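Following are the structures in question.
What follows is subunit A paired twice: with subunit B in the first complex and subunit C in the second.
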Partner chain A sequence: MGKTKKTPEQKSYQKLEKKHELKRPVGMNCLKAFLVGGLICTIGQVLTYFYIYYFNFTEATAGNPTVATLIFFAMLLTGFGVYDHIGQFAGAGSAVPVTGFGNAVISASIEHRSEGFVLGVGGNMFKLAGTVVLFGVFAAFVVALIRTLLSMWGVI
Partner chain B sequence: MHMTSIGIRVLVIFCIFVGLSGCNQEQRSAESRYSLLQTTNPDPAIMESQDLKKSNIGAKVKEEVLSLEEVYDVAIVKGKQDILVAYKVKHLQRFRMKKIEGRITKLLEKNHPKENFTVSSDYKIFLEAVELKEYMDEPDYSEAKAEKKLQHIIKLKNELT
Partner chain C sequence: MLAMFFWAFVVGGAICVIGQLLLDVGKLTPGHTLSTLVVAGAILDGLGLYEPLIDFAGAGATVPITSFGNSLVHGALQEAEKHGLVGVLTGMFEVTSSGISAAILFGFIGALIFKPKG
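Moving on, here comes the complex of A and B:
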């Protein structure tokens, strides 16, 4: 659908709307997101060192249990209702790290719990997180393909 | 009321975490405990059965690796056939980790063509190498055990998942 020209009424309404619209504290939101997101990543780094130090994981392999642990704790916190508060405070800072994935899975499950375990929870669990899984797998496939081709041609 | 229930939940998670960390059974000595955080630069560890001429190779390899300005900490373990070289790279140089690994491997293979090197910049491998060196310093730690542990470290280094 192409853009249609706005009528004078629409324009004046837009002006009025702008006058009354609350200004979003973008800078503050960014700062909060940065701090909370950074804190989550720091916890992730601590977990990585924990797995390297106490278990048989190297730097290359410690990422897997770290991600699993972060998602697990995010799921627990979502179930307890704590993650909602974090999300409200930090916005993207809590949604972008991998903990946001755990939150998306569990919040969708909780929302559809009343529709039953199979069609409700099972069917809707990946309603939000499904896109992450799909595009994540697809992006990984593309990157792996490029890497394979480049190493086959001897570039890397 | 609400705050206390959140507090209890956080406490439950904390307990799970502490419980998980209790799974660890290993006891580490002071040097290997801090080797993850600070520069240790341990002496090269050489297994006793190696002849004296060869035992000098550890110091040589260490000197060669440390001559690269990106590297600041090196641990070397010489086994029966393998030489394990674990090193730490200066933080801002970690972007070029692969290149540095390639350079070190090339350098060592050129200077010591008969030796079989395993080169790694992984913290875990460094930690294990320092620990193995400390075990080897103990008089009752047999060479067979040391070789077994060295092979375990090399296997760990090659693991991808």
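Moving on, here comes the complex of A and C:
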């Protein structure tokens, strides 16, 4: 579709459209994303140290309970409707950390509870987050397969 | 320890900025952005670059969604070392189980106690 020649009218319309298109404040958005995303990761670091000192996790394994705790916070914030406001302000700053993944699962669950727990919550839970799981698993499969084959053949 | 908080903030923030640039400049949808980041995390771990980043930035590297791709690869490789090719499949969720279980569990609990708004 994009490759067909455009008529002069279409071209002039596109110019007009571009002129009236809202400019995205990219710099400002990036600053907000940086601050909020950085803050969430700093909270994660506090939790990481907490689990290392009080629950005998190591530096390598403390990421797991940290992620679980952050998703718990995301549940509370999503349930009370706060996470949406953070998301409007921070954009990717609240979507990229794992809390955004939690928010996607939890908001879909809450939204569909009126359709029942089996078909509504169970069926729609991963409506938004499923794509992350799918492409994560597929990419990880390919990458791990290549690494394993290479090491079996003695390349690395 | 203070340096660790600083680097967690900077690296975590920087990964979020990459996400924001994909959204604003790349004009991707949030779904495409997050998928791209997860795939990037998996590839970085395949090249052996993500683990040093975690050592350096701690939660700055484990909290963003890129670490999901990283820990999927990590689990698969761990198991593959023990059981060969089958391990790639069976070990996939070994390391990352807590994030997925927490999301499912808290998603359900959230649906039990909260009512939809608006």
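Details
As a convention for this text, the second predicted complex is superposed on the first by the 135 of 156 C-alpha atoms of A that agree within 3 Å, B and C clash if a C-alpha of one lies under 4 Å from a C-alpha of the other, contacts with A are read in each partner's own complex, and residues count from 1 in each chain.
What we mean here is this: a residue touches a chain if its C-beta (ideal position, glycine included) is under 8 Å from a C-beta of that chain, and two chains touch if they have at least 3 such contacts.
Small disclaimer: the values here were computed from a predicted structure and weren't measured.
Taking subunit A as the reference, the larger set of touched residues comes from C, when subunit B and subunit C are compared.
In the superposition on chain A, A:Y49 makes contact with both subunit B and subunit C.
Contacts of A:I40 after superposition on the shared chain: subunit C is touched, whereas subunit B is not.
In the superposition on chain A, A:V82 makes contact with subunit B only, not with subunit C.
Touch criterion met: A:T58 reaches subunit B, while subunit C stays clear of it. In the superposition on chain A, A:F101 contacts subunit C only, with no contact to subunit B. Overlap of the subunit B and subunit C contact sets on subunit A: residues 49, 59, 64, 80. Within the complex formed with subunit C, the residues of subunit A that make contact are 24, 26, 29-30, 33-49, 59, 63-68, 70-72, 74-75, 78-81, 90-93, 95-102, 105-106, 108-114, 117, 121, 125, 128-129, 131-137, 139-141, 143-149, 152. Residue ranges on subunit B touching subunit A, taken from their complex, read 6, 9-10, 13, 21, 23-24, 26, 36, 122-125, 127, 156-157, 159-161.
Here subunit C touches subunit A in the complex through residues 1, 4-5, 8-17, 19-25, 30-31, 33-35, 37-39, 41-43, 45-46, 54-55, 58-60, 62-69, 71-73, 76-77, 80, 84-85, 87-89, 92, 95, 97-104, 106-111, 113-117, going by the rule given at the top. Per the touch definition, subunit A reaches subunit B in the complex via residues 49-50, 52-62, 64, 73, 76-77, 80, 82.
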